[in-house]
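Two complexes are shown next, each including subunit A; its partner changes from subunit B in the first to subunit C in the second.
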Partner chain A sequence: MGNRIFRAGLAGITVLFVGMLVWAMLSLIFMPRWSEVVDSTLSEEMLYSIRLSLTTSAVSVVVVMILAVSIGYVLARFRFPGHQLLRTVVDLPMAFPELVLGLCLLLLFGHDPLAGWLKKAGIDIVFSKTGIAIAQIFTAAPYATRVVYAAFRSINPRYEMVARSLGCGQWAAFLRVTLPMAKGGLFAGAVIAFARCMGCFGTVLILAGGTRMFTETLPITLYLNISYGNLAMAMTSGILLILISLAAIVTFEALNHEVVL
Partner chain B sequence: MTMLLEVRNLHVDLGEFSLRGTDLAISEGDYCCLIGDSGAGKSVLLETMVGSFRPHKGKVLLHGRDVTDWPPERRNLGIVYQDFMLFPHLNVFDNIAFGLRRQKSFRTALKSEVHSIAARVGIEHLLHRDIKTLSGGEQQRAALARALITRPQVLLLDEAFSALDVASRERMRRLLRELVKELHVTVLHVTHDMEDVWALADQVAVLHDGQILQTGSPEHIFSCPHPEFVAEFLGARNVLQGSVLDCDASGLTHISVEQTRLYSADPASVDHRVQLSVRPEELAVAQKQLPITLRNQIPVRIQGLERRGPLVWITGKAAGFSLEAAVTVSGAREQKLKVGDEAVFAFSASSLRIIASERRYRVPSDCPATLTTPPVAAAERFACD
Partner chain C sequence: MENKIFQTIWLALFLVLTGIPGLAWGGSEPLIIYSGAGLMKPMNELKNGFETRYNIPVQLIYGGSGELFGMIATRKAGDVFIPGAEKYVKDAIKQGLVRAEGQRSVCYHVPIILVPADNPGHIQSLQDLARPGVRVALADAKAAAIGKVANAILKKNDLLEQVAKNVVVRPSTTNQLLIYTATGQVDACIAWEDQATWGQAKGKVDIVRIPSVQNAVKTIPSAVVTFSEQIDKAQLFVDYIASAEGKALWKKWGFPIDKPE
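This part shows the complex of A and B:
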């Protein structure tokens, strides 16, 4: 009897929460009229927003993956004083509210000495499109690093040692053995990074600003239009973000089933 | 004489596993088995040789040249692990060809080289296969082919057969024996399996707690296990303590063990305390005294009879000590022994070996530690009479 109550209680909590979650998502999808969704999607603002989100996210994912592979490999393979501290620092932005991370980045890139150096080099980051990519990179990198680190950790370092005993240098062993063996984890990391970049809001808002038709990514479109009371546009950007997240999570699960986080 | 592969006073500390002044030398063409208990540092030693770990003290020498700071890819040492470590993203052909793709001189002959070595290890028909579809024995052959194709100076085997079933293990031993002869490969083989030692080794080294305790031929190590650890590790179960009473003109040493007089053919100094060992399979068991040729005849009461495979292990309680004998099933049946019966355990003086413990005992002169490069501590500790 006790066991049945225990099982029923746990199952009840699960069903209740998952039910509410699905209901919330379905309300977003089925609330607007489909003609409104189509019109909103084809509007100039939405097309600009989609294009900007895809472009900045694509660039950011490339940078994020270079960072994730480098940092993930260092954490997985090298032992040095401060190893645990480095892991914690890399993970830290995941626990930050995005707005706080954005504020930190604004202070970093908006003040000297970095702001001065960047100005001399002709690079604008604050309240610019480059700022969107920088915000996305800092937001997504910890997630991708975690996935890639787990992928490298799951590969026995002896594979590399065998490769090196067969004449490969460290770089060649990494390229010919470790990277191909970690490819599932790398794809999964890239997918999760892309989803985080597309959905990045708070960091982008603070660092790049939420300027209509300039630094307007999909989450910013949602935010701006809900502020103006344009619900159809807001819900359309919400639906697009849900679809992107859904595709990302399905791909992530398919690729990442062997990587233990 | 310049050794092919040598480690001198090697110190590596990996926390759980460490090497503490390890010395070992392998001559060209030798097949050396490295044995030792779990955690002794066998794999660490192999991986330090191959270049995985950098020792904080000591040297690794190849042909007398210090390669301690060389990266693994310059050392040309092949390594085969227990779990094969075949690259899962490559098929059998590409796994075997992996090392050759780095060597320009072999690129043109790559295909024929791969087919040749694959045929030699009996997996030519599997070259197109994904490695996940191979059996354990086939994977081990592929790993061996991959290591041998680059013609390494020394082949390092880290418990290479332990993941295989008994039949595959036997086939691999046979194959390896043939390959070693054919290709003149020098091998250092870490193993727990004494059958590997008997079937393959020219030399045996015993590692315990990060130090080489003894090296020598398999016959020497088994017949004359040196310190107490080696004796126990190699299965010398009957380890006794005694005092030397006399050394007679015929060369026999008379030893008192708990008031029982025993005879050993190993020399020792009178009044020294000694540690003795006799292998269970060298004991004869009878219901009454046996011919005088077996100098040691000890009356015992049978305390246990246990069948283990083709042998029956008999435990006999003598005056103040116990002995174990291993006899064939038919031998035990003929004697009609039962627990509680009185019997005689008999063995020759040459079967009773004097072994040493760390400080108190000294070792007879015909039983030296034949260390190729004796560590100073070991040489002092086991100085011969």
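This part shows the complex of A and C:
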């Protein structure tokens, strides 16, 4: 009897929560009329926003993966004082709100000395499309780093040692042994990074300003159109974001059985 | 046995999902007030004053005026609408969202040019906003009252197109304008006078006044939402914020009671 209550309780909580989650997502998807969704998707603003989201996220993912592989490798292979501290600092942005991260970046890139140097180099970050990518990179990097770090950790360092004993340099051993072995983890990291970049809101809003048809990515389209009281556009951008996340999660799960998190 | 567990779960689920709306939560329902985000400071104090005086709980929802407008239209609930400019109440009356009778204008809302402390862009007038190289922030005209008003002022002075070239960001709320000006990311923005009196802005921003012939001073209106289920209490709130006690609080936060020169 006790066992039955235990199982029924756990199953009940699971069904209730998952049911409400699915219900919430379906009610967003089925609330607007299909013609509204199609019209909104094909509107100039939405096409602009989709294109901008895809291009900035693609650039950001490349940079994020370079960062994640470097930092993940440093954390997985090198032993040094402050190792734990470094891990905490890298993980930190995951724990605080995106708006806070946005404000930090605004103060970093909008003030001297960095602002002055960037101006001399002709690079505009605050209120620009470059700013969108910077915001996405800082938001997504911790997630990708975590996944890549776990992938490197799961590979026995002995493979590299053997490679080096057979004449490989450290660079060659990394490139020809460790990197191919971590392939699944790297893909999973890139997928998560892409999903975070596409969905990144608060950081982009503060650093890039969220100006309509200029620094407008999909989550900003959602936010702006809520502000305008334009529900069809808002819901359509929401639906597009759900579909993108869904695709990302499915891909991640498909790759993830190779990676031990 | 498996069957029984699932029967129990489904029964529980059914009861929970159908039972919730019928449950009375007890206690009196709070008055829902939709307030423009720029009115946050006095509204918080007005809420406290009203609650102590009448013992009626109040819940404030802040947002851009357009956002609140959309919220009332979709939720068809809530009690009082207090946007940043009269136009929104007029539109709401036209659409049958708020009641024309009993509406009041509570105080004036004065547009000014807000510059970072020490005025690094040397802005003295509206004309200076059109000077090449000046970085200007204007609020999004569809989302925030101040955005619409700023456009109207610039248009009135034949500066709209010239200033548009200098606009680097169009955020959707007036508070975001303040952040960008206070942190020196822009040389100037057109904002409400009261914002300069807020605690966090003190010492970080300066005011450049717009002569009244060039300016467009607005009144802050308040009206009862048509869908309110406690119209009497809602009207009591509208009357309270326009009373002598209420007006003193508006004045404290920089909203003039008498029409400014």
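Definition applied: the second predicted complex is superposed on the first by the 261 of 261 C-alpha atoms of A that agree within 3 Å, B and C clash if a C-alpha of one lies under 4 Å from a C-alpha of the other, contacts with A are read in each partner's own complex, and residues count from 1 in each chain.
One rule holds in what follows: a residue touches a chain if its C-beta (ideal position, glycine included) is under 8 Å from a C-beta of that chain, and two chains touch if they have at least 3 such contacts.
Note that the structure is a prediction, hence the values are computed from the model and not measured.
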> Can A:T88 be said to touch subunit B (first), subunit C (second), both, or neither?
Replying inline: neither
>> In the overlaid three-chain picture, which partner chain does A:S27 touch, first (subunit B) or second (subunit C), both, or neither?
In response: neither
>> Going by the contact rule stated at the top, is it subunit B or subunit C that touches a larger number of residues on subunit A?
In response: C
>> After the superposition on A, what does A:G167 contact: first (subunit B), second (subunit C), both or neither?
In response: first
>> Between subunit B and subunit C, whom does A:S70 touch in the aligned arrangement: first, second, both, or neither?
In response: neither
> In the superposed arrangement, which partner chain does A:I226 touch: subunit B (first), subunit C (second), both, or neither?
Replying inline: second
> With the two structures laid over each other on chain A, which partner does A:V15 touch: subunit B (first), subunit C (second), both, or neither?
Replying inline: second
>> Can you give me the overlap between the subunit B contact set and the subunit C contact set on subunit A?
In response: none
> Inside the complex, what are the residues of subunit A that reach subunit B?
Replying inline: 156, 158-159, 161-170, 172, 176-177, 180-181, 183
> Mind pulling up the subunit C residues that touch subunit A in the complex?
Replying inline: 1, 4-5, 8-9, 12-13, 16, 63-64, 66-67, 69-71, 73-74, 140, 142-144, 168-173, 176, 179-180, 183-185
> Touching subunit A in the complex: which residues of subunit B?
Replying inline: 47, 50-52, 71-73, 75-79, 81, 83, 85, 87-89, 98-99, 102-103, 146-147, 150, 152
>> Help me check something: in the complex, which residues belonging to subunit A touch subunit C?
In response: 4, 7-8, 11-12, 15-16, 19, 103, 106-107, 110-111, 126-127, 205-206, 209-212, 214-215, 223-224, 226-231
